[in-house]
Amino acid sequence: MIQAGIIGGAGYTAGELIRLLLRHPAAEINFVYSTSNAGNLISDVHQDLLGETEQKFTSEINTDVDVLFLCLGHGNSKSFLEKHSFSAQTKIIDLSNDFRLSPDADFNGMHFVYGLPELNKAEIENAQYIANPGCFATAIQLALLPLAQHDLLQHDVHVNAVTGATGAGTSLSPTSHFPWRDNNFSYYKPFTHQHLGEIGQSITQLQNNFDRDILFMPNRGNFSRGIFATAYTECTEDLEKIKELYKAFYKNAAFTTVSDKELHLKQVVNTNKCLIHLHKHKNKLLITSIIDNLTKGASGQAIHNMNLIFGLEESLGLQLKAAYF
Amino acid sequence: MIQAGIIGGAGYTAGELIRLLLRHPAAEINFVYSTSNAGNLISDVHQDLLGETEQKFTSEINTDVDVLFLCLGHGNSKSFLEKHSFSAQTKIIDLSNDFRLSPDADFNGMHFVYGLPELNKAEIENAQYIANPGCFATAIQLALLPLAQHDLLQHDVHVNAVTGATGAGTSLSPTSHFPWRDNNFSYYKPFTHQHLGEIGQSITQLQNNFDRDILFMPNRGNFSRGIFATAYTECTEDLEKIKELYKAFYKNAAFTTVSDKELHLKQVVNTNKCLIHLHKHKNKLLITSIIDNLTKGASGQAIHNMNLIFGLEESLGLQLKAAYF
Amino acid sequence: MIQAGIIGGAGYTAGELIRLLLRHPAAEINFVYSTSNAGNLISDVHQDLLGETEQKFTSEINTDVDVLFLCLGHGNSKSFLEKHSFSAQTKIIDLSNDFRLSPDADFNGMHFVYGLPELNKAEIENAQYIANPGCFATAIQLALLPLAQHDLLQHDVHVNAVTGATGAGTSLSPTSHFPWRDNNFSYYKPFTHQHLGEIGQSITQLQNNFDRDILFMPNRGNFSRGIFATAYTECTEDLEKIKELYKAFYKNAAFTTVSDKELHLKQVVNTNKCLIHLHKHKNKLLITSIIDNLTKGASGQAIHNMNLIFGLEESLGLQLKAAYF
Amino acid sequence: MIQAGIIGGAGYTAGELIRLLLRHPAAEINFVYSTSNAGNLISDVHQDLLGETEQKFTSEINTDVDVLFLCLGHGNSKSFLEKHSFSAQTKIIDLSNDFRLSPDADFNGMHFVYGLPELNKAEIENAQYIANPGCFATAIQLALLPLAQHDLLQHDVHVNAVTGATGAGTSLSPTSHFPWRDNNFSYYKPFTHQHLGEIGQSITQLQNNFDRDILFMPNRGNFSRGIFATAYTECTEDLEKIKELYKAFYKNAAFTTVSDKELHLKQVVNTNKCLIHLHKHKNKLLITSIIDNLTKGASGQAIHNMNLIFGLEESLGLQLKAAYF
């Protein structure tokens, strides 16, 4: 069994990792590090796990685990890895944005591969260090990469996406206070969301002449899980042709599927799936992309990367039943 | 007291009209026509009204009322007015889309004025027949008209808006079934929503050279009331200058206010207000516009039009307490 | 115009008071005291008020106002009134639980009357100091007092009530964090909620032989506003007889109405109403009582008390349009 | 592989069965019968299954399957089994209430065992026909059976439970219309819910002297999945003693766990778990019991029964990741 360690165990992404690893047939949780919760039962924090594990948070780190997941706040992975070193064979999968961009990808002798399996599968399979993509970034890249592969992103791209409140993490905040968020809607960081960097980087990887704007409006929805993203751009190709390109691009994807029907968010909530829908109106191509921000957009993708690194079947431990309702 | 009649009394917009008229200091409900509910208490259908009115639905029409509100499904206002005629002094305010577009505005000798007070106040004050604007159309026009007034809509406009489930009416439907809609998100009629016609018409009224696209994505939110709309377009004017134009445009508006802060939907829910926020990112001007779809987007605006027609103070009966939470 | 001051202006009950007073035809806001927000616009905190008031929070107190509303946390009203004294004619309406119970009702020469108008109208009309009832306490008392008046509470009473998240206030807390509360349900303080004291006190006021238990389960609902309370007890009286007693008890009540039909919470949300429904199953009498926790259960009732004290029409400024959806 | 057939494939419980069977390591779906959807893709109705199965609904029945699940409306299982007969070795698991009560348990030569594993495991293991328990009935029995086993139900039991909207099924109805249900709360069938029969039958099975009332208030919550049930009764036993009895009763239960901490519904949503919490206030014992109405309360329990009948590991295919948020 692959021995897995988790750093920063009290947050949402760590909780999801624990849920997934507890059911993973080829991996097991070696330790969950949380200084604030050391000594407490994991199920005291992630309370749905009552009856499933008696394991406790620890303040001790086993530097010899097979795989280490970093679930720290953005900026904290670097400082953590500066203070702690791990065995030469330990694989590290970082869920923050610390190592996603090329200029950050090499750190203390480690080279981080951007862990979007639909883009970089071969590289991931041979990687030791993974920068796990952002949640919005995952949804939006999966909407756009097939176009980039064929140099079809020749105009500005207009992206509107809505995320659930888990996207803002466990920290209490006014915009996650129930009386505020319930039945409400708002946006934040219009056109300047931090995920634009990794999106642009991946697009350029496939279409290096891409020089247009991605105009991205991120919104806060009054639901807990999931990202519903739409993107549209000018495109003169025929819709059927485009559908073929997308289906070809995702032919071997374990979790991404092109739907011929319009989508609604709950088709993917609590799964590791991404569903894509294509629609054409005059010369505008509209792409819809939906994921669960915590699974495909974070911890599920991290496990997917783990599976790839260790040569396991891609979907191992990730064939999750949708909650759907 | 102004005597008001309501046709099609069992729907959401009729319910809101009844709520508003019951509290209106200068008007009273003469009759509420509903063939399917004739003889039943109004409060049996609009159940929050228990204890507030003992009035019943009727299948008889008083053709002599001062003002008549048509709350019929789209297409049914015309057929209703073909079958029923009213006193020469009866004002008619139609909440459907039957008479909103110029080619439809003259019907059986009646001339319908498009009832957006921020655009057509003087004409409304002298009108006898009003075509009350659509809900999305209200939010989006209020976002764009100040630009049109100054010929500043010179590029495509990208609109994304989310509406609550009341927007789909009282008819039971799969996309309003709670287990489907709860914590869900989806779009419908991408780029082809029927309100684009009236939006374009009003913009052209102010800026007759407007020839660009309005790319409108309408979405279904998992809340009950309200519309959160964003629109962006290329604009080289300075943000402060734009703010001034908007504030000038809405200087005498009874319900529309420019906010210096970012908005969230619940600021206007259950009120007749529209709040507008302006933001600039590079050469993109982002306008946010929020309304309640049932009040400002329908019945509240209808009462506003009634107030204007009868020479009453504009906000009479419309200074509603926000629910806010 | 009655000059009103508000102490503790940033919380939910203060916000509701401000909303109500801004529309009240016989009162106006003299000052809103908040040390933490002094100098800021009221509409910066209560953001739905944008466009309705330019007033600011202040750290200065006008000790000469006609009426003072205390919107402080429980325990803080006493300490506030120890530090500040007001003009001899200033009426004080306290929304905390500091003065609701008889042993607490006399404080620094002030005598606080328990401000439940359905129970103590005459006393309130002559009062200078009011202890405004608790939200759960209001709903539950209105369910039970007509029975108490006729000595019909002879058995244990089983109460189950659900409150919205605004009941827990503006302070951020784990059980009001959206990802936790959304689509969730839980109880708290089973059988020991602090409102049991005032409920028992009022029942005994009408039925001094009452010596049975009130078994009260308070629950957290995943909605923002409102209390849905059910109570049942053994009762051999005929249902029709009981309905008559309730209708007689509430005959002159401005806001409380007996419904012949089953109730659902949104019939009263964002209104000052209480709806009561009576049902009999064998020898069990089931009473349902629904209110909005912030209006009838707090600030609306406070305004109702103000109206009574100043000899105004009871429902002045309180005929609120339900949000309903 | 166990070949499974599903009758009535378009409803919520059938959808959950399909989701579970698609992931079950020892069973596979042989056919899904739905006359109204015959020929359509299963994923056209259960749309989260897109990308997971290409199977279609059929109007043909394989009478030779190993196990047949009946997901028909109450009353329709009997008429279905009158019209169709199956191979002598086909196991039948009925999810309706047609065969749950003793007088209904023998039908056309088939004897239906009440399929609550915590109560009847041995009998289920040897059964060929199973009457799968109701959702409320499951939660409430699991709250009360350990007391019944020790003859400790000597007083009336007061039960309050809230269910999600999926409990009302896929049929469109006014109380499941989003604008009605959203942020609302209501009860139905007070004290007369049809599950009282099976609850009483199971209690009597363990405590045949039980002759008190179970006063059950069922409520509609504004969430989609889950049942939160509380029950209290007079009990003089010590809390620690009671906890021991419950832990002993559920010692070998695959999915039911006693929690030392207070519960909230989302701990079990989208899992097959039941969590139980015990609390004592004076002489009142309060038992909380939470389940997901569609899994543990319906389809998950049906699979559990299948596992038992076929001698499989109890939790096979049922170790589901909680959605939790």
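Note that the chains take the letters A, B, C and D in the order they are written out, and that residue 1 is the start of every chain.
By our rule, a contact is a pair of C-beta atoms (placed from the backbone, for glycine too) under 8 Å apart; a residue touches a chain by one contact, two chains touch by 3 or more.
Note that the structure is a prediction, hence the values are computed from the model and not measured.
Counting C-beta pairs in contact across B-D and across B-C gives the higher total for B-C. Distance between chain C and chain D, defined via averaged C-alpha coordinates, is recorded as 40 Å. A separation of 46 Å divides the Cα centre of chain B from that of chain D.
The mean-CA centres of chain B and chain C are about 34 angstrom from one another, to the nearest whole unit.
In chain C, the positions touching at least two other chains are 12, 164-166, 179, 182-183, 222-225, 264, 266, 269, 325.
In terms of inter-chain touching, the protein chains here all touch one another pairwise. Considering their complex, residues 158, 160, 162, 164, 175, 179-180, 182-188, 190-192, 215, 217, 219, 221-226, 228, 230, 232, 262-266, 269, 279, 281-282, 284, 286, 288, 325 of chain B touch chain A.
Residue ranges of chain A in contact with chain C, taken from their complex: 12, 164-166, 170, 172-174, 176-179, 181-183, 222-224. Of all residues in chain A, only 12, 15, 19-20, 23, 44, 46-51, 164-166, 182-183, 224-225, 255, 257, 259, 261, 264, 266-271, 273, 275, 294, 319-325 touch chain D in the complex they form.
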